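Across the two complexes that follow, chain A remains constant while its partner is chain B and subsequently chain C.
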Partner chain A sequence: MTFNSVPLSWYLMLSAILFVLGIAGFLYRRNVITVFMSIELMLNAVNLSFVTFSYQLKQVDGHIFSFFVMVVAAAEAAVGLAIILTVFKNRQSLRIDDVSSMKY
Partner chain B sequence: MDAILFIAFASFAIASAISLVVQTHPISSALSLIGVMVSLAVLYFLLGAEFIAAAQLVVYAGAIMVLFIFVIMLLNADSEGPTGRSWRVNLLGIPLLAAFVGIIAFVIQAFLPKTEGVSLAGRDGFVGTASLVGAKLFTVYLLPFEVTSVLILIAILGAIVLARKEID
Partner chain C sequence: MWGSQSWLQPAFQLAYLMTMYNFMPSGDDYIRFLPEIIMSVMGTFFMVLEGILGDKKEGKGLIFGHLTLATLLAALLACMYANGFPGNAFTGMLIIDGYGTFFRVLVIGVGMLAVLSSYQYLKREHAEAGEYHALILFSIVGQCVMVTANELIMVFIGLEVSSIATYVLAGYLRDDKRNNEAALKYFLLGSFATAFLLYGIAWIYGASGSTRLDTIQAFLANRDVAHNMALIGTAAALMFVGFAFKVSAAPFQIWAPDVYQGAPAPVTAFMSAGPKAAAFAVFVRVFMTAFGPIVDRWEPFVWSSALLTMVIGNFAALMQSNIKRLLAYSSIAHAGYVMVAIAAHNQIGVSAVMFYLAAYALMNIGAFAVVAHFSRQGEKYVNVEDLAGLGWKQPVTAALFAIFLLSFIGVPLTGGFFGKFYIFKAALDANLIWLSVLGLLNSAVAAYYYLRILVVMYMQEPGESMASLQPLSTGISVTLWASALGTLILGIYPAAILTFARSSSAFLK
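So, the complex of A and B:
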């Protein structure tokens, strides 16, 4: 291996590691905002896979998919943070354990 | 050169992602997420995705993260307290997640065909410039692009409806 190129699988492995760290944050953290940021981390990890495969296939389609993911993430962030604001207004709490009435 | 850049920014991304999970204060997590996004933008550039790299910086690290930090400041979010779960349960998750990474690594190694490495010089003129992405976006992917505008409109309306003050 030379220093002038990186195997494609390294990018995919990085994507997998970031995705799993996103899952870990989603499961371990108790703060609604941090859980939401973990979801953004997972979306970013998937974007990296899209762009990597796009490079391999020499097609620009993967860039467009990751562009759409970004658009959806922006819309999701706007609505999700509005929901968090509403929950905080009603419950005065950001802990997800306090917002479990729909769980059972 | 490519390998050095990749290793530097990939390790920075992983370190920032671990920091996101480990930090207890939301502001620290948000700053770590910005670190992940900036290093991913560099990696997109290495993969020849110039437009996506710029969009990553402007849309993600700029707009979305500012929104996050704005909400954290607005709600005066404090660092989270103890979770109330036993440490055994917390410890059990780590090997499960490591096993998940292992399965993905196995699949990548087993099914990915042998290919040439990724390098800036070897991309054969394949660069995802704004003109190349835009040309395909407005021809092949025109319908999804137009549907996206409806999605954003609904998101704006939803955010306004959810976050407005009740007028009685």
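So, the complex of A and C:
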């Protein structure tokens, strides 16, 4: 019974599945907040990959990278939620389909 | 004596290790990073100053505008000075070379022109505030980091600093519905693209064990890497998707028309030139250095993306009636031409990318500055038909606009001509004959929609839209004259820029 009883490739597969779920959520969900959550899911899938590779390579580079990703994701969330809030104030709706006033 | 004190021991060891392994940043490192330092400090200072000035309305736009121009000028000089200290900074996180300096100067120049063209706009929309200028500075900091990055972490950080500031700028007038929509679309699709880029970085890190561009290059070049080509290929493809989004190359260009149309005109001028040039710069650097050894694998993708981008951009632009949307599709088409030069993947191609982006930035800023001037409060007049009779009402504005349009078409004596010339020369040198032929046919199509604007300006009677048109403000006329002059200089005397571009594209070897 060691920590290595779960093969590393399983983590990579899990990360790929999460990433694809994020893409699917981004493309098929119609609520702005859910779409935004899908993006966060994709970023976390990436973090999982980084940490896995880092463990496999016996390096800290990947761990450090995943911290940078978290910091940037937090900054992005702050800006993103602010943007979503102003959109809601102006339109009283969070459906993606309602935010399409620009057509030629 | 100090060494004997045990509680200081760890500190001494750390200092020793830092100097031993070169972790301690040297004075030169700070000089190499000076432009970014100046802009970050001033950007932060602006946020404080905004709080101090408060709601004091009159003159605030002037104070912040002038301060921003001074900051950018100082950063520009710092870039030139830093160019005298070439090499790696911060243990290879950044690299200062001619290529980086060229793009740093370009994005800072774009920032100056954008600030100049927004004085009157912000006043008109009652939105003079320090945030606007601080965000422009932060965005430029991000772009400067991007173009000098030698490490995928720095590429990512630079890209995000630039993008996040630009998301906010796109929705700067927060009560305007179109601004909101532009910001939301830019934000969602931009973050989506970033996730792809990051996933690509994770995979190339897993494959090569490093995030440094030169280490990855050495890894791909020296070892027999055929056995994990699937991993490397996926990484390159994911990163390609991320970059293609940022430079609005097909099939990932969908966000650009809506965002460019919805954002305030000076912001559109800024983000269609600066962030785009920086994204191209980092795209070229990553794919030519890190992925250089596997060029035959990614070249077909860039080839088809280039063609698709040119076709979609030009044919969609034919059908536009909104001038901002038309210029957005035109900027997609121009991204396609740059992709042609990247597909050529040779040294002439890289210098063509540099030359073209400089010419493109100038003419694009100029064209959007005309839109900023013409659109009036609330951006009421943004249709091509509204320009009717501009040639008679304001001959100078119309003439300068005509220079930009002719440069877009690629008429000789303008920067656009030599830009296209070098791009197709590079493509022919790389035996991309079909791509060059199709590209040239595309630029013939493009002539139609640019000439249509000229026809409307000069050959139609002035309509009601001309009645309330104010004379050119100082800021906008400086922007227009400077960009027009730059466009003409690049068209008449291209050697000045091209020699520098040629010598600095040597980073490839």
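The working rule: the second predicted complex is superposed on the first by the 97 of 104 C-alpha atoms of A that agree within 3 Å, B and C clash if a C-alpha of one lies under 4 Å from a C-alpha of the other, contacts with A are read in each partner's own complex, and residues count from 1 in each chain.
Note that a contact is a pair of C-beta atoms (placed from the backbone, for glycine too) under 8 Å apart; a residue touches a chain by one contact, two chains touch by 3 or more.
In this text, all values refer to a predicted model and were calculated from it rather than measured experimentally.
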{"item": "Contacts of A:69 with chain B and chain C, given as first, second, both or neither", "value": "second"}
{"item": "First, second, both or neither for A:99, with chain B first and chain C second", "value": "second"}
{"item": "Contact breadth on chain A, by residue count: chain C or chain B", "value": "B"}
{"item": "First, second, both or neither for A:49, with chain B first and chain C second", "value": "second"}
{"item": "Residues of chain A that lie at the interface with chain B and also at the interface with chain C", "value": "12, 22, 36, 52, 56, 61, 64, 68, 72, 75-76, 79, 82-84, 86"}
{"item": "Residue ranges of chain A touching chain B (in the complex, touch as defined)", "value": "1-14, 16-18, 20-25, 27-31, 33-34, 36-38, 40-41, 44, 47-48, 51-52, 54-56, 58, 60-61, 63-64, 66-68, 70-79, 81-86, 88, 94-95, 97"}
{"item": "Residue ranges of chain C in contact with chain A within the complex", "value": "153, 156-157, 160, 164, 167-168, 171, 174-175, 177-178, 180-185, 187-188, 191-192, 194-195, 198-199, 201-203, 205-206, 209-211, 257-258, 261-262, 319-322, 325"}
{"item": "Touching residues on chain B, where the partner in the complex is chain A", "value": "1-4, 6, 10, 13-14, 17-18, 20-21, 26, 29-30, 33, 36-37, 40, 43-44, 46-49, 51-52, 55-56, 59-60, 63-64, 67-68, 71-72, 74-75, 77, 80-81, 83-84, 90, 93, 97, 100-101, 104-105, 108-109, 112, 115-119, 121-124, 126, 128, 132-133, 136-137, 140-141, 144, 148, 151-152, 154-156, 158-160, 162-163"}
{"item": "Residues on chain A engaged by chain C in the complex (per definition of touch)", "value": "12, 19, 22, 26, 32, 35-36, 39, 42-43, 45-46, 49-50, 52-53, 56-57, 59, 61-62, 64-65, 68-69, 72, 75-76, 79-80, 82-84, 86-87, 90-91, 99-102, 104"}
